[in-house]
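There are structures below to look over.
Two complexes come next, and they have one chain in common, chain A, joined by chain B in the first and chain C in the second.
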Partner chain A sequence: MISVWQVLLLMVMAPFVQGYVQWLKARIQGRIGPSPLKPWRDLRKQLAKEVVLSNAASWVSRLVPYLSLGLVLGAAACLPVLSGLPGPLLGSGSIFLFLSLLAFSRLSLLLLGLDSGSAFAGMGAGRDLLFSLLVEPTIFISLLAVGLPADATAFPGILRAAAANTSQNPAVASLALVAIAGVILVETGRLPVDNPDTHLELTMVHESFLLESSGRYLALLSFSAQLRQLLWYTVLFAACFPWGINESSTGAGFAIAILSFLIKVLFASSAVAVIEGVFAKWRVFAVPRYLTFMLALAVAAMLADAIL
Partner chain B sequence: MTLMTCGPQAISTLCQSYASQGFRLQTMMATDERRIHGHYVLRYAFVHDATGHSVVLETAVPHDSPHYTAVTPALPAANWYEREALDLLGLFPDGHPEPFPLMLHGDLAANANPYPLRKEVDRAVSLPSVSRSLSVEAVPDGEFEVPVGPIHAGVIEPGHFRFHVRGEDVQSLDVTLFYTHRGLEKGAEGLTFAEGLAVAEQTCGVCSASHGAAFAQAVEAICDAHIPERAMWIRLLVLELERLYNHIGDVGNICAGIGFSFGVMQAGILKEKLQRHNARLTGHRFLRNMMAIGGVARDVPSDLAAHTGHVVQETMSAFSGLVNVLLSNEIVCDRFRQTGILALDVVRQYGVVGPAARASGYLADARLTQPSGAYSDKEVQTLLHVPTFPDGDVMARVLQRIEESSVSATLIGLAVAKLRSLPKADGDSSLVTPMVTPAPYEWALGVTESPRGENVHFVMTGPNGTIDRLRIRSASYANWPAVAKAVPGNIIADFPLINKSFELCYACCDR
Partner chain C sequence: MKAMHVLASTLTALLCAAITALGWTALQGVSEVFWTYHVIPNSPLLIVFRIQPLAGLFLCLLGVSGVLSAIYGIGYHNEYRTRRYGILLDLGILLFIVAMAAVLLAADVFTFMLGWEAMSVISFLLVIYDHRKPGNLQSGLVYAIMTQIGSAFLLVAFLVLYAYTRSLNFATFAAVAHTLPPDVQSVIFLCALIGFSTKAGIMPLHVWLPRAHPIAPSHVSSLMSGVMIKTALFGFLTVVILWFGGGATWWGLTVACLGGVSAITAAALAARATGIKQILAYSSIDNMGLIFLCTGVAMIEFSMRDTPLAMLALLAALWQTWNHGLFKTALFHGAGAILYATHTDSLNRLGGLARSMPKTSIAFSILLLSWSASPPFGGFSGEWMMFTALSTAAEHHLHGPMGILDVIALLALFFTAALTAWAALRVYGIGFLGQPRTVAARDAREVPRTMRIALWMGATLTLVSGLAGAFLIARLAKALTGIAGRVAPVPSALANGPLSPVTVPTAFVLIFAATVTAWTLIRLAQGKTSTRTVPTWTCGGERTPSMQYSGNGLSQPLERAWPLLATPLATQWLYRPAYAWVLRTATRFRKIQSGNVRSYLVYLFATIVLLLIVARVGGGVR
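Right after this comes the complex of A and B.
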């Protein structure tokens, strides 16, 4: 049951997180900025609009918006947000299941982009695949590095291992933190890798898949992108900041868990907004170099486990 | 200015001989003079940028067989002009390497072109509608064609770009413009000069003052009129204010090409401050309605002039802070350097003008070569240290604008001092020289240096002080073909940045 509540909490928060980042970014740039509620309002607006599909579109374009959201919701059910107890999580919170669900959702989005027949989506797909070659192993190795001392390949175990790491093995904790946080910027389409509010079709990575989408399909796709972003934050919290998560199942414990989760999300999204405020976008070919570095950090975290 | 005449078959050779002596093709005017002389006339205007010497080569094209030898094979800079003369007047350039329509799209060009600039075509008659199919030609294995526009994801003017890419690398780029052509030149025929000035100012949103001044200068040259000294300095002040707000705004826009929001916003704030001051000074944020035939429409009193000096000084010190941040940012410098290199050869071949030419090491500036009004003043010429940069990349074009901004600020300072020391405006006579009605079918060129480069207005008078033909050659018209040459060899994701570094105007072509 707790798993369902956790997913609901993530669903409610995801658009706010996106809105908050946009609002804070605007404040940093000296603008008043849109209300943090805007993503919710956008979703409401888009749900009410008709769907326009490209002539080249097949059933893929009609299926993927639902499929992608379903896969991301499945991934959300693998994550410990409030409760660290292993029981009710989907697949006991296995990181293999979690990462495959997200990888499959990525694949479905790539197909959606190609299905629209737009040249931009093809370019974006090429870039995204290039990046994901380095993104997926980095996340994977970082999570394993955190869980390895406790022989954990599922999130509840990783949580406990992470709690121990921060005190006993700070090298692993900090290397994994940098690697995961670095990769999250790529996965959530943030500067300096991708520009989330660009109108420049030619430089897009993630946004380019959604260019041809409209109406409720666009709403579903944007919502799953927002949800995915919050999932990655949650992964970071689980692996590096496991504080405040409820280990028993008392009411007070949940209150603390919710509060600490909110505070952590606030910090993470503020950091993203600050990074977006001060960085320019890298050349496309500078990104693999950066990702290789992150991968090296993840491997170093793994080695630190073995040595220390 | 030298004027030479030759036959329609000899024009190519003659143009080539001037081009080989280092003359740059400034503009080409095609006019329908059948009612006066019984034939069409082509005028190729050249200028020598080192000496300022200018020459106009004129040729008559017979009305019954409107053919002439194309200049383009020898001088690529003539490409667009000759295709435009074909589209709008039906003059056929024999031997042109790309004899397809430039301004008219789709079926209209093939079948039903009434040649709208011919005098017998009524300007009230609208052109037949145009349909256009976007077919994709076969491309070699491993290459893709990426069509972009004419409707873009952002609120920008229409232009259709076709990239041939191999992976991320751009092999070639085709640009199709002229989607929203307004027929301003046809519309100006028969108007009075004052009405024509309003049309000229509407050519472009952000270069209104320099377009207006170029038109006014052409008319004043025909009438042989000299504008009052106070008006001269006010014109210089307004033209340099236009350059300043454009250059600062452009530096910010270039930052938008790499998602550097700090630069975009800070430059945006400075540009806004300048534009608010523009409104206070001239009544218009884009400096419109300030020029008048024979002078200026509005005085700049000394207190307002002094305030302008303060605003510009404040802006420049804030701008230098922004420049420091920009040029010390590693990512920004990495993105700007070696991106979108415009070779000096291309500049020479295509007659590129303005900051784009100067950032490739070619010094062309109408303020130096063909100065008019206060620009011919000795003090102005000594202060006018127009910089050049040899690299021709995005960085060079950014640095070019930064350096030119401070030159403009210096000139504004001088104009402010002059306006404060000159006697106060005493009625209209100290602002506008009265004009005599010029004889019909006289023509002249008016040249100004706009923020994007040289604007050339050709005005031919009609009967009773009206316009018979107006030909506007804006800097963007001269530079667009060069953009397509600067892109191949770069990755497609850098195109927005390269395009923004030229910051060309679509409306300037859709005149």
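Right after this comes the complex of A and C.
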């Protein structure tokens, strides 16, 4: 049952996290900024609007908004948010299943972009694929670096390994932390890699797939993107900050878990807002270099496992 | 004519059903010689057929792939209707399947080489079926030459074994091969590696594959890519695991390195090529690379006496073999359907097929998802198994040098997976979505029903093997118990991984339920969609199909970020020098060809004298 509550909590929080980052970023840049509740209002407005589709669109454009949300929810069910008990929804919580579901949702998004035949989407797709080439190995290797010493390739085990790691093997924990955090910036389409606020062809990656979407489809797609962002934060917490997640199902334990999760999300999204506020966008072909560095850190974490 | 043709295809399908049944029997653990035929009485020239568990999987694959191709061939044949010798294509397919079955059932060298050569020759003839098209014959010849080089090395391996065992029987080899001197074992291993990896398309001996597959009729490409290259894996496993029990550690290391390099390089080539059949051909190389990578890891574990891990890696290799065979067979059928409907398979000339041929395109999209290892399809199951095997091995050897190797193997797996997703997205996004780029793509119509049935059967099978993967893997593991005198692993450590029978179906149901719930909720709250269609936004200009990204455009970032992956290394460092050396040597020999009759007489005389001396000396020794 707790798995269902976890997923519901993520769903409620996801748009708010997006709004909070936008609000804080505006404050850092000296603007007043929109209310943190704006993404929720946007979703409500978009759901009520008429759908405008491209005349080149096929069944892909009608299926992907729903499918993509379903896949992200499936991935959410693999994650330990409040409880470290193996989730009853997807018995295993395997990182392979989790990352494959997210990869599938990425693939479906790219297809949605190409479905309208827009040149912007093609451009964004090429860039996104280029990044994903380095993102996926990095995230896999960092999670394995945390989990493998405890023979864990699933999230419940990684959680336990991470709890032991921070005290026993700080090198692994900190290397994995930097690598995962560095990759999350790319995966969630944040500056300095991608600019979520503009629709210019020079800067767009993730936004370019949604250009031709509208109405309820746009609402579903934006909501999936917000949820995916929160999932990535949760992955980081599971691998590097397992504090507060417990295996008891009592009321007190539950309250502590929720509170600590909220605090961690607050810190993570503030950090993202600060980074967005102070960095400028990089050239697209500078990103692979940055990602290669992150991959090197992940491999170094793995080696630290082997040596220490 | 049409009736003859349907009859031949039906016969082929029935034969393949029988082969599947035979394979399933073998998977029950049956191992026996069931047919012996003396070619010449009282001579060692025998034809001996034997079923055994390892061949069971490959026989099942051959049978299923054959049934699909036979059904597909009924409709696809219209493409070749104008030819008078159209029936030869059906007979060729039938003989090709029989030859592959002979390879898988062979129990001695003579039978094996007979089947192997028949398989090579028939597939060569099938590849050049369209020999009137310019360039096809030349590509076919590259295939013929490479396959003959491979066969020559195999023959050397078998002859060395014969020299030491005085037997041509595989059972004898299995009993005594591991007692041979280590150097001899290594020579046999290297010959078998070269021979089999030529057929399997492992780099740098892969050059024939991307040339031969695009020109062959599509169901021939299906059988070649889905099954024939796997017979090479079967032969390799027979030699290396069944006879030598894994061999020395460096054997496995060599195989794993070759496999890993092939996987990444070929996946990058698949993400860059523009012809759909060529993309699929490269992807076959990359999948064989991954399979060889796992085989290599299994060999290393066997040589380190870590049997459960070795069996796990072997199981992963075999499970991926099955899944790749299945979806690649069907993908080539899909590529054939595109060729049938548009007469081109170049991504840059397609587009919009999802609207003009929706039934074909949905089946094709399922197969592409399976190829790109998306859950819950077969390709995902295979990749999960490989991930489990490699990460378990990495965990086991974490504090040793082998652990680093396993981490590198994992990296190769991840890179290949990401590149494969790129390639699959390109095929669907450019080929099937957007606006048609040419008139041919715009006027495409659905293909004949038999072709669609075969495609949908393939798509269903790959979904089933994804959902029921755990049962099939368990079946396979049980069949392999006792292979090379060893026991199968207890998969208790994997209860939550790919071997859990509930995980993947639960995920499938869950995602399906979430999708339907979202749809229902929105429908209930907001009513039916009112949809308006407008042209795609082009910043106010007039819209043309060429404004869309092309196949080359979508892969340009890859070429720009990693130019090394775009360099033809094998051609540059191996084939061109070899070709130049052959030409140089031939030129040197030309000097003795003066055209003067007297000098030829001198050569003849010298040869006879030499032969007399040899005969004399040889006789003296005896």
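Assume the second predicted complex is superposed on the first by the 303 of 308 C-alpha atoms of A that agree within 3 Å, B and C clash if a C-alpha of one lies under 4 Å from a C-alpha of the other, contacts with A are read in each partner's own complex, and residues count from 1 in each chain.
Criterion: a residue touches a chain if its C-beta (ideal position, glycine included) is under 8 Å from a C-beta of that chain, and two chains touch if they have at least 3 such contacts.
Bear in mind the structure is a predicted one, so any value in this text is a computation, not a measurement.
Shared-chain residue A:211: touches chain B and chain C both. Shared-chain residue A:286: touches chain B; no touch with chain C. Applying the stated contact rule after C-alpha superposition, one finds that A:191 touches chain B and leaves chain C untouched.
With both structures placed on the common chain, the touch criterion links A:202 to chain B but leaves chain C unconnected. In the superposition on chain A, A:31 contacts chain B only, with no contact to chain C. Once the two structures are superposed, chain B and chain C can be ranked by residues of chain A touched, with C on top. By the touch criterion stated above, A:115 is placed in contact with chain C alone, chain B being left untouched. In the superposed model, A:103 makes contact with chain C only, not with chain B. After overlaying the two complexes on the shared chain, residue contacts for A:125 are found with chain C alone; chain B is out of touch.
By the document's definition of touching, of the two partners only chain C reaches A:149; chain B does not. Comparing which residues of chain A touch chain B with which touch chain C, the overlap comprises 119, 122-123, 126, 211, 284-285. Remark: chain A residues 25, 29-31, 119-120, 122-123, 126, 191-192, 195, 198-203, 211, 276-286 touch chain B in the complex. Of all residues in chain B, those touching chain A in their complex are 144-148, 152-155, 165, 167-168, 255, 257-266, 269, 329, 331-332, 334-335, 491-496.
For chain A in complex with chain C, the residues that touch the partner chain are 47-48, 50-60, 66-67, 69-71, 73-74, 77, 86, 89-94, 96-97, 100-101, 103-104, 107, 110-111, 113-119, 121-123, 125-127, 129-130, 132-133, 136-137, 140-141, 144, 148-149, 151, 153-154, 211-212, 215-216, 220, 284-285, 288, 299, 302-303, 305-306. Chain C meets chain A in the complex at residues 351-352, 354-355, 358, 361-362, 369, 372-375, 380, 383-384, 387-388, 391, 394-395, 398-400, 403-404, 407, 410-411, 414-415, 417-419, 421-422, 424-425, 428-430, 432-435, 493, 496-497, 500, 502-504, 506-507, 510-515, 518-519, 522, 525-526, 529-538, 545, 547-549, 553-558, 560-561.
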